[in-house]
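The structure's right below; bear with me while I get my questions together.
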Amino acid sequence: MIKAGIIGATGYAGGELVRLLMGHKDVEIKWYGSRSYIGQEYASVYQNFFERIEDKCLDDNIEELADAVDVIFTATPQGFLASHIKEEMLEKAKVIDLSADFRIKDVKVYEEWYQIQHKAPELIGEAVYGLPEINREAIRKARLIANPGCYPTCSTLSIYPLLKEGMIDPSTIIIDAKSGTSGAGRGAKVDNLYCEVNENIKAYGVATHRHTPEIEEQLALAAGEKVMLNFTPHLVPMNRGILITAYASLKKQVSDEEVRAAYDNYYGKETFVRVLKPDVCPQTKWVEGSNFVDVNFKIDRRTNRIIMMGAMDNLVKGAAGQAIQNMNLLFGLPETEGLLLMPMFP
Amino acid sequence: MIKAGIIGATGYAGGELVRLLMGHKDVEIKWYGSRSYIGQEYASVYQNFFERIEDKCLDDNIEELADAVDVIFTATPQGFLASHIKEEMLEKAKVIDLSADFRIKDVKVYEEWYQIQHKAPELIGEAVYGLPEINREAIRKARLIANPGCYPTCSTLSIYPLLKEGMIDPSTIIIDAKSGTSGAGRGAKVDNLYCEVNENIKAYGVATHRHTPEIEEQLALAAGEKVMLNFTPHLVPMNRGILITAYASLKKQVSDEEVRAAYDNYYGKETFVRVLKPDVCPQTKWVEGSNFVDVNFKIDRRTNRIIMMGAMDNLVKGAAGQAIQNMNLLFGLPETEGLLLMPMFP
Amino acid sequence: MIKAGIIGATGYAGGELVRLLMGHKDVEIKWYGSRSYIGQEYASVYQNFFERIEDKCLDDNIEELADAVDVIFTATPQGFLASHIKEEMLEKAKVIDLSADFRIKDVKVYEEWYQIQHKAPELIGEAVYGLPEINREAIRKARLIANPGCYPTCSTLSIYPLLKEGMIDPSTIIIDAKSGTSGAGRGAKVDNLYCEVNENIKAYGVATHRHTPEIEEQLALAAGEKVMLNFTPHLVPMNRGILITAYASLKKQVSDEEVRAAYDNYYGKETFVRVLKPDVCPQTKWVEGSNFVDVNFKIDRRTNRIIMMGAMDNLVKGAAGQAIQNMNLLFGLPETEGLLLMPMFP
Amino acid sequence: MIKAGIIGATGYAGGELVRLLMGHKDVEIKWYGSRSYIGQEYASVYQNFFERIEDKCLDDNIEELADAVDVIFTATPQGFLASHIKEEMLEKAKVIDLSADFRIKDVKVYEEWYQIQHKAPELIGEAVYGLPEINREAIRKARLIANPGCYPTCSTLSIYPLLKEGMIDPSTIIIDAKSGTSGAGRGAKVDNLYCEVNENIKAYGVATHRHTPEIEEQLALAAGEKVMLNFTPHLVPMNRGILITAYASLKKQVSDEEVRAAYDNYYGKETFVRVLKPDVCPQTKWVEGSNFVDVNFKIDRRTNRIIMMGAMDNLVKGAAGQAIQNMNLLFGLPETEGLLLMPMFP
């Protein structure tokens, strides 16, 4: 059995990690870290686990944790892991970081967008960006995984094949994203109250959202050139789910079949990326609770643009599910172990 | 592997059966019956199963089906199974009926409340009411299971121990129930449109809902006397979940601890019924997607009444999950097989 | 023009007062009191009023306010008004209190249920309980109005005629209430976050909710005897609306027509209480945004109980609308002035 | 008093017309046309009007109606009005058409996108596109108003000033739109059931939505050149509201202040278009139930694009409210008469 510890276990992503790991036959959770709830029963914070989990919340002493477990998941605020990680820990336990600390290779870009000084820049080089469909082999050998952001996962997977195949012009990419409210976390803020979010939709972080440089870096790797794009997230009155609608100009004359072949080329053998049939639009509900990303596209011949769409559960493939997918790779398990839960509908 | 067939596979309960059976290691679904979608791919009706299920929908020929499978689930309108079942089928396959056809032992009561003539009254006696926490041993030996209604499951489990222990006066029971909208089915009706249900709550079927006699029959068995009660269901703007709030007068002076002991006496060893800690109210969200029923109570000394509460996912413990729990018992499998999915939160 | 001041203008009830008063032709708001937002533009807190309101938030100096306006609305936490009110103020301005401070005549009951020492018990006697359909004449002459609680308004109006006519047994009353989330206020608490409330229903304050004694006091006045009842509120995933479902045993043999006549007797001439046609259940959506209360009933001959139902917008008839209805009476205006907004559907 | 008749009074837009006209002091509704509900009380279809409207539904005989009223609102399926309108009617009554029949000047474009043969092409030239903020003077003199579509209203108003001022490149416009579910109408379809829409978001009509040519035509008038753009609508789990997020490349170097000045130039005196303060994103909730459109913008210097945002209630400014605004202009009333309802929050 793999021994796992979670720091930040009482946030929504932490709770989802617990839900999924409870169904993973090779893992046992040894450490429920939560600074705010130290000493309280974990199942009193998340009553869904009542009678299934007896443990109490522990603090976030990552050093002690590294001695106790094989893998550490950090679902913590930006800057936490970079401030606390030390090289020696990585010799004891694998670390899968759900924060942004090690996602961006250029430390200046990180510091500019996050307005935080990076405290462990020496480890950025080693960290592997944990998007298995793209970086599978590097992940297998890693010690430190930068688990991708929710928006970047869905955006990158939806656009990647067309950039890779040179079908679209990178300078024309616009990503209009919509997210359920769990992405905003469990903090008590007026903006996230039921009555403020319900029956409402708005854009936020327009032209300034921190996931922008992460998406640009990943797409630049695919394009083989620098990418600058527009990314606009919106808050949608639902608990879970991200839908991205991305636009780009076609660089050359391509048929629907050629585009489909490009997607199939990259995802034909991928369990978790499903290229939908022609004219079926991805819907977040069809992937809820699962690790799937549903993608599809539509070419508009009038404007010579292609519309790329992707739907995903932000807490699963966008956070905890992908973290476990990475863990499976790190420990040589079948990649889908514990992750074949069917989406729940309705 | 147990071979299973589903009639009514494209309703919400049918879809949930499929979701849960996909995660059951001992079952394979051989027949997706759906009169409305014959010949269409099942995964085109429920896109959550895209790439996971290749099968097409078949018709509802239950006789042919009985030859092909070990167990038949009928998630069909009232009257369907009674009209089509024949004794010989039960020699070939176990039948688990999610409709109301065989739930009520008194055929006159059934015909009066359902306004249907019962076409197979000779099988009512044999059918076993499939509430495992109460009828476990009878279920194991049955051929035909009457899978309980959603409201009756939650109501009965919440009230049963106190009636059994003679703590409450049966003539004073009032059940105020609240259900998510999936309970209304997938039929296209104006009343179930998003804009009609959303931001709205109403009672319906007041003093006339068909689950009333089913609840009364089960509680009468517990009380050892005839029970007549009020049952008022309400439609709540959410997909899943049933909450029942039941009221009764205490027959004798009892302490909180004695009441708790009564619940523990019946449910202490039950995996799927969770008696919450004092002063924790059941919430439907804490059981969503799972087979758990969370129950608790509060005594009001001022009025000498007890308030009994139960929360459950109507599609799981209230339908498909309970059906699989019954199947596990019928086939000698561990009762919780395939049913230990943790509730999804948020 | 009547000059009005609001203390607590940035809570949900305060915001609703502003919305409704903006459409009242005889009132101008001179004071937007909000301790938390002093100096900020009111329309920056409630953007719905952008370009329609220029004023900034002021503090909650009720003494100064009494000099500046004709009527003061206090939408403040329990205890605030009792701590700050002085007899002299009532000579300068009418006060309509949306808190519970002056609703309950028995100060001991207030102090016991609210766990607050009442700081102005000498004014309790003078205060008039502002339920116009019952206390209209007393309201006209009052200086201090105790604006009823949301649950008590809906509960009392739904049950009152039958108690008054001696048709139901007061000792058997059970009120099962359901409320939208705006009733919980705009405070930043985890329990009120979108992801905690959405797709969820729960009871809360079981057997201990503070509106219980208020309802009991009002119903006792109707019954002419002490009333002790069960009141159980539930939190429903919607912004607005209260539905109450009340149960009582009939004291005598009555026909549907006789019960209907009792309701019509009290509400036939009331604009804001609508007795629905037979078998039409009240729905909160049908009254949203309006000052209407829709009531109806169903007799269950099997159990000899009657089910009484009422639906209302908690922020309008349950708070701000009723306050304005009281104001109209206090100032000799037509009672419906500014309150004939049609409910918004969907 | 202006006598009004409505054809299609039982759809959502029809119901909203009734709600708003009930609060309009110069109008009385004489005809509630609804083919599906002929002879039924209107208030039994929309219970929100119980006791406020006594009338029964009449048929859709537009010829008879033209004799009876001063103004006819048609909230009917595409093709209905064009099939029934005759020149003589326009001499008797003004017609405000909420369908698309007379919105598009080029009949070929209409027939291509709507797949309907236009039955009254001779009246297209006379019809005035009823967007008062742009066509005010022409509207005043019209007999036949083509009331704009919901998406085109919000899209056009959000983008218009910048095209008019030559600030953006028309060939780069992309409109990503999000709508509440009332836009899909009150027809009983599985796709619009509560459980299908709730907790879900999806794009639909990608690159094929019929509002595309209407938007293009209006923006072409502003740009002074042909416009081809991408328009992608999404279905959001809420009753009301449209948010559009539009993208375009800047044609020249402009400051934030210059862009703001452009908006103010066109909307500074407009009551119903509110240009929000810098960095405040429009939210649909802030305009719910009202005739306001909130717009704002953000320049992304990195990509040289501008993001234009607009929020609106699809049933008010996007349908019934705008129709009344047009009616006010047609009859020489103050343009805002009956339309100054404040948005409802929450």
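Labels A, B, C and D are assigned to the chains in the order they are written; within every chain, residues are numbered from 1.
Heads up, the rule we're going with is that a residue touches a chain if its C-beta (ideal position, glycine included) is under 8 Å from a C-beta of that chain, and two chains touch if they have at least 3 such contacts.
What you see is a predicted model; the values in this text were computed from it and never measured.
For the pairs B-D and A-B, the larger set of C-beta contacts lies at A-B. Among the remaining chains, the Cα-based centre furthest from that of chain D is the centre of B. Rounded to whole angstrom units, the spacing between the C-alpha centres of chain B and chain C is 38. Chain D has its Cα centroid 46 Å from the Cα centroid of chain B. Measuring from the averaged C-alpha position of chain A to that of chain B gives a distance of 36 Å. Across the assembly, chain C contributes residues 12, 182, 195-196, 198-199, 237-240, 283, 285, 288, 346 that each touch 2 or more other chains. Residues 12, 15, 18-19, 22-23, 44, 46-52, 182, 199, 239-240, 274, 276-277, 280, 283, 285-290, 294, 340-346 of chain D touch chain C in their complex.
Contact residues on chain C toward chain A in their complex (touch as defined above): 12, 181-182, 186, 188-190, 192-199, 237-239. Every residue of chain A that touches chain D in the complex is listed here, in rising order: 174, 176, 178, 180, 195-196, 198-204, 206-207, 228-230, 232, 234, 236-241, 243, 245, 247, 281-285, 288, 298-300, 302-303, 305, 307, 309, 311, 346.
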